[in-house]
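Starting off with a structure, shown below.
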Amino acid sequence: MRSGSDTPSQDIVVSLKGVHKSFGSNQVLRGVDLDVSRGEVVAIIGKSGSGKSTALRCIDYLESIDQGTIRVCDHQVHKPDVDLRALRLDIGIVFQSYNLFPHLTIEQNVMLAPTAVKKLARPAARQLAHRVLGQVGLLEKANQFPERLSGGQQQRAAIARSLAMEPKIMLFDEVTSALDPQLTGEVLRVIEDLANKGMTMIMVTHEMNFARKIADTIVFMHEGKVWEKGGAHILNSPGTPELREFLQHEL
Amino acid sequence: MGASFAVGYLMFLLKGAVWTVGLSLIALSCGGVLAFIVALCRIAPNRWLRLVTALYIQIIQGTPVLVIIFLTYFGLPSLGWSVSPLLAASLSLSVYVSAYLGESWRSSLQSVPRAQWEAAECLALSRAQRMMKVVLPQAIRIATPPTVGFMVQIIKNTSLASIVGFIELVRAGQIVNNTIFQPFLIYLLIAVLYFAMCYPLSILSRRLEVSAGEKAYA
Amino acid sequence: MGSLNFSIVFDRWDMILQGIYLTIRLTLLATAGGFVLGTFCAIGKRGKTVWIKKLCSAYIEAIRNTPLLVQIFLVYFGLSSLGLSLHAITVSIIALTINVGAYSAEIMRAGFDSIEKGQLEAAETLGLSRRQVYWHVILKQAMERVYPALTSQFVLLMLASSICSQISAEELTAVANFIQSDTYRPFETYIVAGAFYILLSFLLRIVFWVLGLMLFQRRRNLQAFI
């Protein structure tokens, strides 16, 4: 459990019900049900192919769903007339491969969306950029191009870029999986800091210890469904044989 | 009266198209032989040979085809050699092909993985045998898609032969136009005929490139 | 067979310079116009509207599979049948723009396709509209990646401008035609013309190289020094 935080409110901000998704003949999601409250930190774990990344991507409409409903704040994501722009203002997502824009400096990467989408004036945007970069500890790298940063630094920059849009919910898609082990620490610290500040977060991760430390809820996905769900204790005493087997492989 | 005239004109155009294909084949075959020599010279052990050939390629690639044609058709007679439109066009286009295809084929030869050259050396094959039996077959496979694509360029460039009076498709159209005075329509028809000749080759070239790319991973 | 006389050609240096000037003007204007046209066409081909995709494809295939000489005549006679009597240079610029636009479109499309999907997803999820993604993320990177191919295409354009001599645009080749008929020295004249084209190709490549440095490299190279 997280230290020194308020308990999450009962206000449900993300709600998936009966979500099905196939890629061609491959059924990846077979009925996912998940509710996330405001301020809650959810860690989704499971082996590859269990559908965890897909479920995350569906929340931000990076994939469309075949069946079921997804609600984020007051956006009905499964409906064809959903206001994508408004949805994406409320959600920030960080990817495994950082996806920074290589032709822009770190500062420019962070400033792009606030100036282009929120029409912020450049000086105000720069101030905002410096604030979030300071928050992730990258202020001195603001004028560098991404290629000169380490993987950990690039990922922190990607987090700053999402934070600059002041989202209500942050999604993390295996953000440390592509990093060398010694670089994951700096990224996890930033995420933990965000959690302590009360950000609603859903993270797909392989870092079991980290999940145990900061998550309010652990969600174990298996064969396209939420197989087991509970507090951090389920990592110590798993309820289902599948989770037990998964945890044995992870260690 | 109108119909038979129209058919007559169309037949004349088609005859021009046949000469377009003919000139293209002449350029491809003569230019191709020269291109092969150029490609070999570009990777020859002799440094001077490589440099001179590289210079030749740079000069030809830096000059418009039309200027080469004019140089051949008007320039050579002033030096004492008489030149017909067909000869001028054939010579010019062959030189043009030799430079572009030569460079392309050199690149294909050098694309054959180094390991192949070395393996052939280890088998104690002479340089000529290495070339013929090991490197060339693979280079040909690599060179086929861009060469087929280049054939489209050759066909299009034969249109410039019309300017020195050779009766291929464009010239045929201009002759017909002198009778019926419908230049836009005639050039439209000419364009359609060129398209009919070039488009299948373009498609073929693209298909070959895709399958060559797939085979590379096989 | 007399000896070669190049000086009689160089006596006409003022005409030659005029021809070179027009060749350069044709090239630069058609390059700019063709690049813009080609970029819009590439964007159109990647869009969702089906009829725009088909139109762009048809345009590209039509241009790439017909000779420039025929295209120039079509533009020339097409415009005059519409009642417009434009200067030969203007007609040439239009025809060359249409021509190089098709080739640029294919080059830019390859550049666009080379941008990693992850970057596009990141831009989308930050809330950028499709137009903003093209402008801020895709365009500059794509240009940098295909810059050598673009450069080669525009050099080819300059060489192709020689064909405009056929509609009486007074660029370098047309000037050479005039000089050779006036001096009865075709061999020397066309050698000189060819030499100037080779020189122009070389200069054009240098200009594009410097432009490339300014557009893409400067800030990164500067980074290395700071």
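Chains: A, B and C, in written order; residue numbering restarts at 1 for each.
Note that in this section a residue touches a chain if its C-beta (ideal position, glycine included) is under 8 Å from a C-beta of that chain, and two chains touch if they have at least 3 such contacts.
No experiment lies behind these values; they were computed from the predicted model shown.
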Identifier of the chain whose CA centre is least distant from the whole-structure CA centre: C
Chain at maximum distance from chain A, centres defined as averaged CA atoms: B
Whole-Å gap between the CA centroids of chain B and chain C: 22
Where chain A and chain B are represented by their mean Cα positions, the distance between them in whole Å: 57
Computed distance of Cα centres, chain C from chain A, in Å: 46
Shared interface positions of chain C, touching two or more other chains: none
Chain C-facing residues of chain B, complex: 58-59, 61-68, 70-71, 74-80, 152, 156-157, 159-160, 162-163, 170, 183-184, 187-188, 190-191, 194-195, 198-199, 202
Chain B-touching residues of chain C, taken from the complex the two chains share: 1, 61-62, 64-71, 73-74, 77-78, 81, 159-163, 165-166, 173, 176-177, 180, 184-187, 189-191, 193-194, 197-198, 201-202
Contact footprint of chain C on chain A as seen in their complex: 60, 62, 85, 88-89, 91-93, 95, 97, 99-103, 112-113, 116-117, 143-145, 148, 158, 161-162, 165
Chain C to chain A touching residues, read off their complex: 116, 118-119, 121-129, 132, 136-137, 140-141, 144, 219-220, 223, 226
